[in-house]
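Alright, structures below, take your time with them.
Next come two complexes, and both contain chain A; in the first it sits with chain B, in the second with chain C.
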Partner chain A sequence: MNDLIPLISSSINDTLASLSHFYAEIILAAGFLLVILADLFLSRRFTQLCFLISLSTLLLLGVQSVILLNTKTVFLFGGMLKLDHTSILFKLLFCFSSLLFAIFIRYNSPLQKHVKGTGDLFAILLATLLGMNLLAMSMNLLMVYISIEMVSLGSYLMVSYISADKAQTESAMKYALFGAVCSAIMLYGISLLYGFTGTLNFNDPAFINALKNVSGLSSGVAISLVFIGVAFKLSIAPLHFWAPDVYEGAPTPVTAFLSTAPKIAGFAILIGLLPVFQSEGGQTNTQYFDFNVILAVLATASMLIGNFTAIWQNNVKRMLAYSSIGHTGFMLMALFAFQGSGFQALIFYMAVYIVMNMAAFLIVDEIEEQTGILLIDEYKGMGKSNAMLMTTFVIVLVSLTGLPPTVGFTAKFLVFSSAFEAYRNTDSAVILIMIITAAISTLVSLFYYFKIPLNAFLRNSQIQVMAPGNSPKAYLGLLLAILLLVLIVFPSVIVKLI
Partner chain B sequence: MLSLLIFLPIAAAILILILPSRFEKVFKHICLGVSIIQFLLSLFIYLNFNSGTSAAGISNAGQYQLTEKLPWIRLDLGSIGKLEIDYFLGIDGLSMPFLLLSALVMFVATIASWEIKTNLRAYYPLFLLLNTAVIGVFCALDFFLFYIFYELMLLPLYFLIGMWGGVRREYAAIKFFLYTLFGSVFMLLVIIGLYFSVTDPTSGNHTFNMILMMDPANYLDGSIFSAIANQELFGISARLLAFIVLFVAFAIKVPIVPLHTWLPDAHVEAPTPVSIILAGLLLKVGGYGILRICYSIFPDAAIQSSWWIGLIGMVSILYGALNALAQTDLKRMIAYSSVSHMGFVLLGIASATTEGVSGAMYQMISHGALSAMLFFLVGMIYNRVHDREISSFRGLSELMPQFSAFVMIAFFASLGLPGFSAFIAEAFSLIGAFTSVYLPEWMAIGGSVGILLSAAYFLWTLQRMFFGQIRLKGGEEWKTTLYDANIREKIALLPLAALALLLGIFPSLLFDKMNASVLAFVQLITG
Partner chain C sequence: MIPLSHFLFISACLFCIGLYAVLTKRNAIQVLIGIEFMINAAVLNFVAFGRFDANGGGGQMFALFAIVLAAAGVAVALAIILNVYKHFKTIDPVKTDTLKD
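Moving on to the complex of A and B:
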């Protein structure tokens, strides 16, 4: 005990010094408390106060992140967290996604009309965002676990926020149970890794070295177990089962959020853990476990399952859920050349993906609120009754397919080229198969994405659906769609940040 | 100049989108105005085009004319260097004739759009977007830019066929889309491979510059498409594989047998103006792509596969002609005749001789004008009685003398009567095929048989539909609706007929302008 006493002052100093790099999270925590207080005492009189507080918190956060963007790498709180360019980029992506989510909640009438009010939802959002920020900075397995749990808990609550009918309750329950099992497995994996290496700080070279001395089989098992926890967040095959049900059952804004921010958080931690996962690859004894091969197989499987299953979906939200599984598989391709072009390709793709996905769900929600239609079959003739909305939708879908003249093409192109670079460096047949699968699944994705314009524009319906005027949500969707068109001409807007 | 040509339609499209709907009547005039301006601009370009050997273009960046180059995307890729994408436009003798053709075909298609009555606010912007994409493809010299324009053609076409098409329009639209996308997705992979292999000698960056890709010296040592390294993929030489992938992508557009099945469906279901653009321009994009990209970037693989390409060309000529002979629907017959005529383009290119390549280029321009004319004529009949079965009509020449005169010009020109453009084009392609060292003679003979067959189906159709006693399926009622060509239709048809005749009598009008480029091209591929 006495040995530790001299350490106290240095550790206090470290903590105090770290705090000055921790403003973003402090802003978030303050915003979180403010929202709770406002919801408790002032929500009757100022109904949208919580929204305004969250909005300003998020804007402040975004500005702060942009200012700090090119900061030097610093380790905070005794090596628990690392603040560097990469983590700030991720924070910016989370912030952007949350910002759109907040506006989405504001203009979603089922949530607005619900007896609970939306105050709690905003509080949960800020807390989840805090969890994601910590996740992007984590350098310690325990920190990873805590922040993943923070994100998961927030997600469970959001999914079950309304729970109006049985299906919604069921999907929320499924999500929570499945998530709990996965995080338990992950925790087990972490404990194994700790047992092998004696440290939880995975940035420590000693950690990797110790891991290399363990037999390939045991370290492979431990790594796989940890990876399961991450894969659950990413919803890649074969851990994707929850996604379609949850995406269908959850309120649409929540689905939009779940398909973007937590997924990207999963990538953030996957990138952080990549050296650990790949540690076996450097060894000569790789017969048990080659993480890159596993990742390539999973990426291929996700693309195939996601895209092919999406063909048979009739519910728009379910279709987008499967398509997002496909997109995740596609994004995984960028990880193979991560030291080279992969990093930029991935961040670019994610930024574009947030815009596309959020816009798609905004429009789906707008259509549902205007007409009550959620099935693709019933979109017939919608191109006439609400031309602006459907045109916006088509632009977004073109971008999701990855065709010019939308920035979805540029994003897809960058990921393809980074995968190609990985192939060139390794000459691995698995990667080549993955690239060809990606090309084929692009073709397949056209098939299901274009079912929507096919119905909306090419077919006519007997029943004329009268659409009331568009809400601000539709205009936000339009704005995002225009952004997709503009960004292909000026991709440097995003590239400069990276 | 070229940017103006490309982006003028987009500006007009935006104008149409923001104009209030009470101006709906002037949309078509805006569109027509755009194509007239484009035509005058491209005529100006044609007249001022430098056709000397010092401006041949092809693999020499300095010899391109009207070049515009702006840095567009610069991305630092870490270990492998920098990525360089330019906004790079320019024309040479291979692309300049297409600008003139595009403007002319767009003009005719706009006039044919008078028949479109529904949803004009969607129709004209899509039409103009297509216009932009087509001109962009012919001007782009950066592969990335080229690909963007190339893909951009798909979306408007999908909606144009799908929304204003015939009964089976859904099927035709998605079939067309999937076919083309299938080719272009794999093309994208080749593009990525190319830019990893090629660096700009001045800046050292990886580049998409097509002209730099044509020079073997710019390939990195040991890179996947380097001719010296001779890498293999799946046991085939990587360069040959890349050539095949690119060739298939463009050949779907041309189209070649057996990848042609989208074409009859798309043509038959598409409204007249879209058929005109499809036959008049989009098929040429395929041929142009083969010349500019497949052959110029992979000449070694191209020469290696000459025999196969020649065979595909000959089979397309014969198969298309035989199919045309068997059709009962006039539009379908013309669609198959397109397949047959585009086969000459392939045969000419495969010969790798100056005559053959000139013939192929000439055939593309000539067929562009003639097929636009043919589809316009079919559209006229269909518009009047909503029927285009060959057997429903007889003795039309008595009922519609002027219309029949135009049909005869178009038919005789298409079957290769001397004095019309197609004669010169087909003759040169066949001379090329006969003299080529890469093609056996029976291929050229097969091609000649194709001309005979095309005479058969055109004359037979002419006889069935236009000669003899007037006998119509719709009886007396049709006699009143089948009025002769009106002023608007004559305005559209006259320039096309004039072009076919002019090019048939004065071939030097076109040959002079492109000869230097064709020579440089043949020099490049045969080394």
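Moving on to the complex of A and C:
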């Protein structure tokens, strides 16, 4: 014990020095506490105070992240966290998604009318965002586990926030039980990795070297177990079946959030752990376990399952859930050329994906609140009764399919070209199959996305739905749709940041 | 002294028992108990491996955090299960099936 005493002063100095790079998280924690206090003492008098506090926290956080964008890499808290360009880009994406989510909550009437109020929901949002920020920076398996749990617990609470009907409680229970099993499996995998390497810091070269000396079978098992936890967050193929149920059951704003931010957080940690997962390369025991092949197979399966199952869905939220599984498979393609153009393509796709998905759910929610319609069959004649909303929806759907003149095309194009680059570099048949599947599934996605405009504009219904005036939510959706149209002309706005 | 392999064997057994409970039990609380088995298998691993840590203490530290997070997770899950019971009057995950393709 005594030989550790000289270390105390140096570790305190390290912690104090790290705090100056930790402002973003301190802002978030302060915002979280303020929201709780405001909800406790002032929510009666100022009903929207919690919303305003979270909004200003998020704006402050966004500005702070943009200023820090071109910072050089720093390790914080004794190598626990790494602050670099990549992690700040991810933080910006999370912040953007949370900002839209906060506005979405503000104008969603079931949440606003709820007896408990929305104060706690904003507090949970900020805590979840804190978890995602830490996840994007973590360099230590302990940090990975803590932050994944922070994100998961926040997500379970958001899904079960209202618990107004059977579907909502059921989806929350499925999500919580399935998520807890996956994180327990991941924890066991982490314990095995720790046993093989003797350290928790996966950035340490000793970690990778020690892992390479273990037999391929054992390290393959440990890596697969850890990957299960990450794959759950990403909702890719074998672990996707919670996603449609949860997306359908959860309140629509929560669905919009779950399909963007935590999924991107999953990508952040997948990128962080990629060197660990791929540590088998160049060794004698590669025949047991090749992570790249597994990833390519899973990406292909996600694209196939997501896009083909979406065709049969009649519930819009369920259809968008399957389509988001397909999008995740698509984003995984960019990881294969990650050293080259893949990184840029992935970040660009994610930024566009947040805009598209948020806009789609905003409009779905607006339609549901105005008319109570959630099934695609019942969209008949909607193009006449609410032309603005449906036109916005069509622009968003064109972008989700990946056709010009929307920025969805640019995003898809960038990912395709980076995947081609990966194919040229490796000549791997699996990657070729993956690219072909991506092309086919893009074509298939046309069928289910265009069922909506087909019903809304070309078919008439006997029942005339009279839509009341649009709420601010509809105009936010319109703004995002215009953004999708503008960004194809000026993609440099995003590219410059990357 | 008990060798490391004994600990690993027990933790592997615990993990499998937990996984078996998760897959077969038709009561949400029993599923939670299974999850708890799995987490504690990992905790046992951490403490056993912690003896051989290069810097000392990493495994024990992780075990403490894992126990706390497991408790937090169970608290949230139990609250959700309570809500399910209010609506369905059962906590059998097989019988709560309003959402499906």
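The definition used in the following text is that the second predicted complex is superposed on the first by the 497 of 498 C-alpha atoms of A that agree within 3 Å, B and C clash if a C-alpha of one lies under 4 Å from a C-alpha of the other, contacts with A are read in each partner's own complex, and residues count from 1 in each chain.
FYI, contacts are C-beta pairs under 8 Å (C-beta built on N, C-alpha and C of every residue); 3 or more make two chains touch, one makes a residue touch a chain.
All of these numbers come straight from a predicted model, not from anything done at the bench.
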Which superposed partner A:Leu217 touches (first chain B, second chain C, both, neither): neither
Which superposed partner A:Leu443 touches (first chain B, second chain C, both, neither): first
Chain B versus chain C as contact partner of A:Ile146, first or second or both or neither: second
Chain B versus chain C as contact partner of A:Leu200, first or second or both or neither: second
Partner chain in contact with A:Tyr156 - chain B first, chain C second, else both or neither: second
Which superposed partner A:Phe416 touches (first chain B, second chain C, both, neither): first
Touching partner for A:Ala176 - first (chain B), second (chain C), both, neither: second
Touching both chain B and chain C, residues of chain A: none
Residues of chain B that touch chain A when the two form their complex: 73-80, 83, 119, 122, 144, 147-149, 151-152, 154-155, 158-159, 162-163, 169-170, 173-174, 177-178, 181-182, 185-186, 188-189, 192-193, 195-196, 223-224, 233
Contacting residues of chain C [partner chain A, same complex]: 8, 11, 15, 18-19, 22, 28, 31-32, 35, 38-39, 41-43, 45-46, 48-49, 52-55, 58-59, 61-62, 65-66, 69, 72-73, 76-77, 79-81, 83-84, 86-88, 93, 96-101
Chain C partner contacts - residues on chain A that touch it in the complex: 141-142, 145-146, 149, 152-153, 156-157, 160, 163, 165-167, 169-174, 176-177, 180-181, 183-185, 187-188, 190-192, 194-195, 198-200, 206, 244-245, 248-249, 309, 312-313, 318
Residue numbers on chain A that touch chain B, as the complex places them: 339-341, 343-344, 384, 387, 398, 403-405, 409-410, 413-414, 416-417, 420-421, 424, 432, 435-436, 439-440, 442-443, 446-447, 450, 453-454, 457-459, 488, 491-492, 495
